[in-house]
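Input: structures, listed below.
You will see two complexes here that share chain A, one where it goes with chain B and one where it goes with chain C.
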Partner chain A sequence: MENKLIYSSSPHIKSPRTTRKIMLDVCVALLPATIIGIIYFGLYALLLVALSVISAVVGEYVYLLAAGKSFKEITENFDFSSVITGLLIGLTIGTNYPFYAPIFGSLFAIIAVKMLFGGTGKNIVNPAIAGRIFMFISFQWAVGAVWLVPSIGSIYGETVATSATAVVDVSKGVVPNISLLDMLLGTGMQGCIGETCKVALLIGGIYLACRRVINLVYPLIFIALTGFATVVICGFDFSMFLPSILSGGLILGAIFMATDYTTTPNTKAGNIIYFAFLGILLAVLRYATKMETVSFAILLMNLVVPLIDKFILNKPFGYKKSQKTKGAKL
Partner chain B sequence: MSIRKPRHFPFGSKIHGTKLSNKCPIVKAPAPERVYISVSQHIGAPAIPVVSIGDKVKKGTLIAEASGAISANVYSSVSGTVSDICDIVNGLNQKQKHIVIDNDFTDEEETFSNFNDFEPETLVNRIRLAGIVGLGGAGFPTAAKLTPKNPLDTLIINGAECEPYLTCDYRLMIEKTEEIYKGIKYVARALNVKKIIIGIERNKPRAIEAFATYSDLDVVSLKKQYPMGSEKHLIYVTTGRKVPPGKMPFDVKCCVQNIKTVLAAYYAIEYGKPLTESVLTVSGHGIKEPKNVQVLIGTPFSELIKFCGGTEDAVKIVAGGPMMGKALVNLNHYVRKTDSGLLCLKNTETSTQSPSNCINCGLCARKCPMRIMPMYIESFALSGNFKEAERYGAMNCIECGLCAYNCPAKRALVQSISFAKSKIKEMKNGK
Partner chain C sequence: MKTNFKKIAKDGLITSNPTLKLVLGTCPTLALTTAAMNGIGMGLAVTFVLICSNVIISLLKRAIPKEVRIPAFILVIATFVTIVRLALDYFLPDIYESLGLYLPLIVVNCIILARAESFASKNGVLASATDGLFMGIGFTLALTTMGAVREILGSGAIFGYKLWGFSIGFFSSSAGAFFTYAMFILLFALITDKAAEKSRIKKSAKIGDFTQTKEAK
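Then we have the complex of A and B:
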């Protein structure tokens, strides 16, 4: 007979799903957008993405080493969430950013936003969002107003030169002079590395939904409500619907950033409220600031999540409203 | 009656895991030389020994008597001499009084006297006398369940067997269909109910067919979904009634009985045999020959393992199913009435990963069949805030293990919640 038996509480079998596998799935889902971004914007885009990923991972290692963990221990427990953060930071900047911007952005995101709060799962806001906003505010002087045109032109043969990420100028109620197909494929569009090609992002989203990492209904609520709210703001101009959802970083933000487990509510009802408010808030912010504000909207709603979680809870099975059970009350 | 579809229940989930001993007929394990019978094989007060060292007993002799309404008689499972009555620390690290009987292999048997009275009260009395308890695992004395305060209208037979690996109920259902059917009729008579529902999971088509031949049974083919065998959920999918939090099945006029319990009731009523045997599934990849074994109560687990060819790289021994069973610290454990499985799990089957941070994915709450929120209860339990844990529904937990099974961070959610439950109970008793 064996000398050693493992003693633990039930259950004795566990599902094969682990945190690391989930995070790797998200990395895989981001690959199409990354590859297309590099094709569109060239090798400098690759440099930016690589730098942001490397500095995010190095940042996590350095922090944990400083906290007294051994290298082997960190590698064993490495869950790839910092790779996602790095990737998202690289994908949400344009090629007009200086090469050191993603380094500072990633380090800020990992150390100040994630690790200082306790690591994976403990952060209050999405680190990638915070990193992007950090870069957006810090490196405005270096970016200027120049946006680089991707190497692949519009399929209609005309280069587009509008505002930063081809945000619909909802304040004027004018549909920008870009074809919807161009917006969908990202051809001839200016913008951040990863957010121009919506098809690649949607492929990633469908992959995540198939792997049951995210529920695609929630991002769709976000996207659809942004469209409808824009339509309402523009005085029921339904021609604004598609341009408003296809422009800017909305799809990237909705699929990959707003759905971050840590910063979303835990209940079905809570999630619907969270994503619905995101959509409305984004439309309003876009209208008010005349800028692309996906990351700001997500950041603001992240901060509301604890409040949603406090007031919206699941009712135990068999619970009836009339019944005053102590355990079932909020 | 035709086979009926169950009501949809959107919670719970499918779980991985195989039934290795699906096709193994039930075999009888040889009687051991010595049996160790615990006096506390049920929920409630332990039985009081009525024999002393040196006494001659037969198979079926009363050796310990129930000590109250929620307690059960214990009978000798072999004929021989009582050699010791002592406290033994069993494989679950619980100190319990055991009655040790040396087997003389004469197989003399003692049964209750026959009678022809089939009034409900006599039936209940005989079930009480035979020491029958809920054999699904909880071990609640069956007679207490059969004497509800207000009249019931439905008897539900639990043939779900939703835990992976376990196959003993399935084998019993197809091998002893007639006996189980008669047992069901007796129990229904004892309860004085007309409507009998039997719920069987769809992965047991042979069992469903077998019971569909009886016209007075309402056979429900349950979805293969864990935890279908939980009382509250079985009642919901078969009748549509919801048991409110903190209430029992009899509050919604239902009574749920396990397959093995009704079979034991049949033997007690028809032949006057007390409960001295159990059917166990010995399974897991760590055992050489997985089997369904009919075994005497009090048989050491080590004998059972020997009977099944011994173990092979087993790192964990579990009494019961893989989801709700308890791991054993050693093999000094003896078959009890409520045992339904003995699993020897290999390293590849059982998870040995250490827990990491909760990533707040919400999977535990999404899968929870009781719709409580394990992640909050866990964090409150770990920080010692049991009042808050109760507010979040800790007392509703049925400890099915789905939250911890699904947790990607491999956190020991069930452990924390049951810790919180025991602390909350302590708090309430202290007041």
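Then we have the complex of A and C:
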């Protein structure tokens, strides 16, 4: 307050939007899905989500305290990104997971994936995705092979109903006998806590778009291309379009996980390429592995982001392609 | 020339620990540390080959022409690897089975070749043998602790003895191997750096004490 003159390099424009505010917006956007998930899956879902959020925040505090920061300093600079990571980890597991799974997942995500790389904005992959895959690999023995049995082996892996009759195989091109409305509302389906009710997720996505936190075009590219690629893989069977979009964790992943600022390219063209490849990769992976692969597709594409940023650059203002070098090459 | 055996031992175990400081022999480290027993088996096999090849190469260091030294080293190493393979196959078939392909691959293990090239071909027989012994022990210790950590976390057991039903499958997968390896390198670097810093401060404090007392006077 005493120093009214500020010496600093550009940018000089100040905005009231801080990382903390943006992250709080994302938290709010995730609330509908969380609440509906708890309504659908009961109090155990609440326990899982709460444990994952708490352990994510505690993990960040413990790491920073160990790095020699004071408690007050951490609380002042606390952006809510670890809350989001915890929420997403809680929402992407099913209620058949043991209660300690989200604790380990959150700690792995926050400490190994985020803090060791330098904290918010420096991670090379989305921490929530990494945490989810960590749990997926680690606790299969406790979950049982509910999501992995080859007989479930469908693109609808995670959200397919428990009864064997609903099991579908994309390679046979069979449409599941769950109605599309059920898929949209998430009623009568098995799946992760947060991903079943598509309407709640879409409400969150629209909220984020209205608050200008994310550009809704990019997730839509991802979702639409997944549908089209699935249609093409299934031999132009257009009845697969909607089921492939509405099943699994696609909408959750597209709106909340793939759009993470740090793990998306910087340019418009780069973003379009990133999300388009995500869609195609997801459809191909689902077809090839016969299980839900949203998180793996996003993880793989996250690793490609630095390459996209290297080769696709914004044209500097007033840039002209030099004629000389062209002539020299010829 | 007097050989500093203490320094050789410290080099092998800590300052240039082949696994955690030089990051050599990564392939068996990542692939075999799913169980602590594998670490001991692999480590002892490598130690044996390392000592023997170091002794022979240091004896032959004047006889081997510089231009063809690598093939000559490989020939010596391969001889001992064959001995180890045949002996393990006969006496400890279980370990032979679990080490599998990585046993013949000791021939091209970077640690052995690196020690032959950078130490045994320049030093005396006794020094080379000591170097081989401590490098081997350093490798064995690193592999065994890594194997123990991964076995406890990844399958809830130690040396094949089941501790509890709880396990984190990530640590027995190959991704977990890279993760554990990185964490081990990180922790080892942290500890050794801190120890080095401490001994440096101790040294400077001795000099500082002297000047301080002088000033006080």
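Note that the second predicted complex is superposed on the first by the 284 of 330 C-alpha atoms of A that agree within 3 Å, B and C clash if a C-alpha of one lies under 4 Å from a C-alpha of the other, contacts with A are read in each partner's own complex, and residues count from 1 in each chain.
The rule is short, and it goes like this: a residue touches a chain if its C-beta (ideal position, glycine included) is under 8 Å from a C-beta of that chain, and two chains touch if they have at least 3 such contacts.
As the structure is a prediction and not an experimental result, all values here were calculated from the model.
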For this session: Based on the superposed arrangement, let me know which partner A:N314 touches: chain B (first), chain C (second), both, or neither?
Result: first
Exercise. When the two structures are overlaid on chain A, which partner does A:T18 contact: first (chain B), second (chain C), both, or neither?
Worked result: first
Exercise. Touching A:F104 in the superposition: chain B (first), chain C (second), both, neither?
Worked result: second
For this session: Kindly classify A:A112 by the partners it touches after superposition: chain B alone (first), chain C alone (second), both, or neither?
Result: second
For this session: Kindly classify A:Q140 by the partners it touches after superposition: chain B alone (first), chain C alone (second), both, or neither?
Result: second
Problem set entry | Partner contacting more residues of chain A (chain B vs chain C) | B
Exercise. How about chain B: which of its residues touch chain A in the complex?
Worked result: 11, 15-17, 164, 232-233, 236, 242-247, 302, 311, 314-318, 322-331, 343, 345, 349-353, 356-362, 365-366, 368-373, 375-376, 390-396, 399, 401-402, 404-410, 412, 414-415, 418
Exercise. Can you list the chain A residues touching chain C in their complex?
Worked result: 104, 108, 112, 134, 137-141
Problem set entry | chain B contact footprint on chain A (complex, rising order) | 1-2, 4-19, 21-22, 77, 79, 81, 118-122, 261-268, 313-320, 323, 325-330
For this session: Give every residue of chain C touching chain A within the complex, in rising order.
Result: 167-171, 173, 175, 179
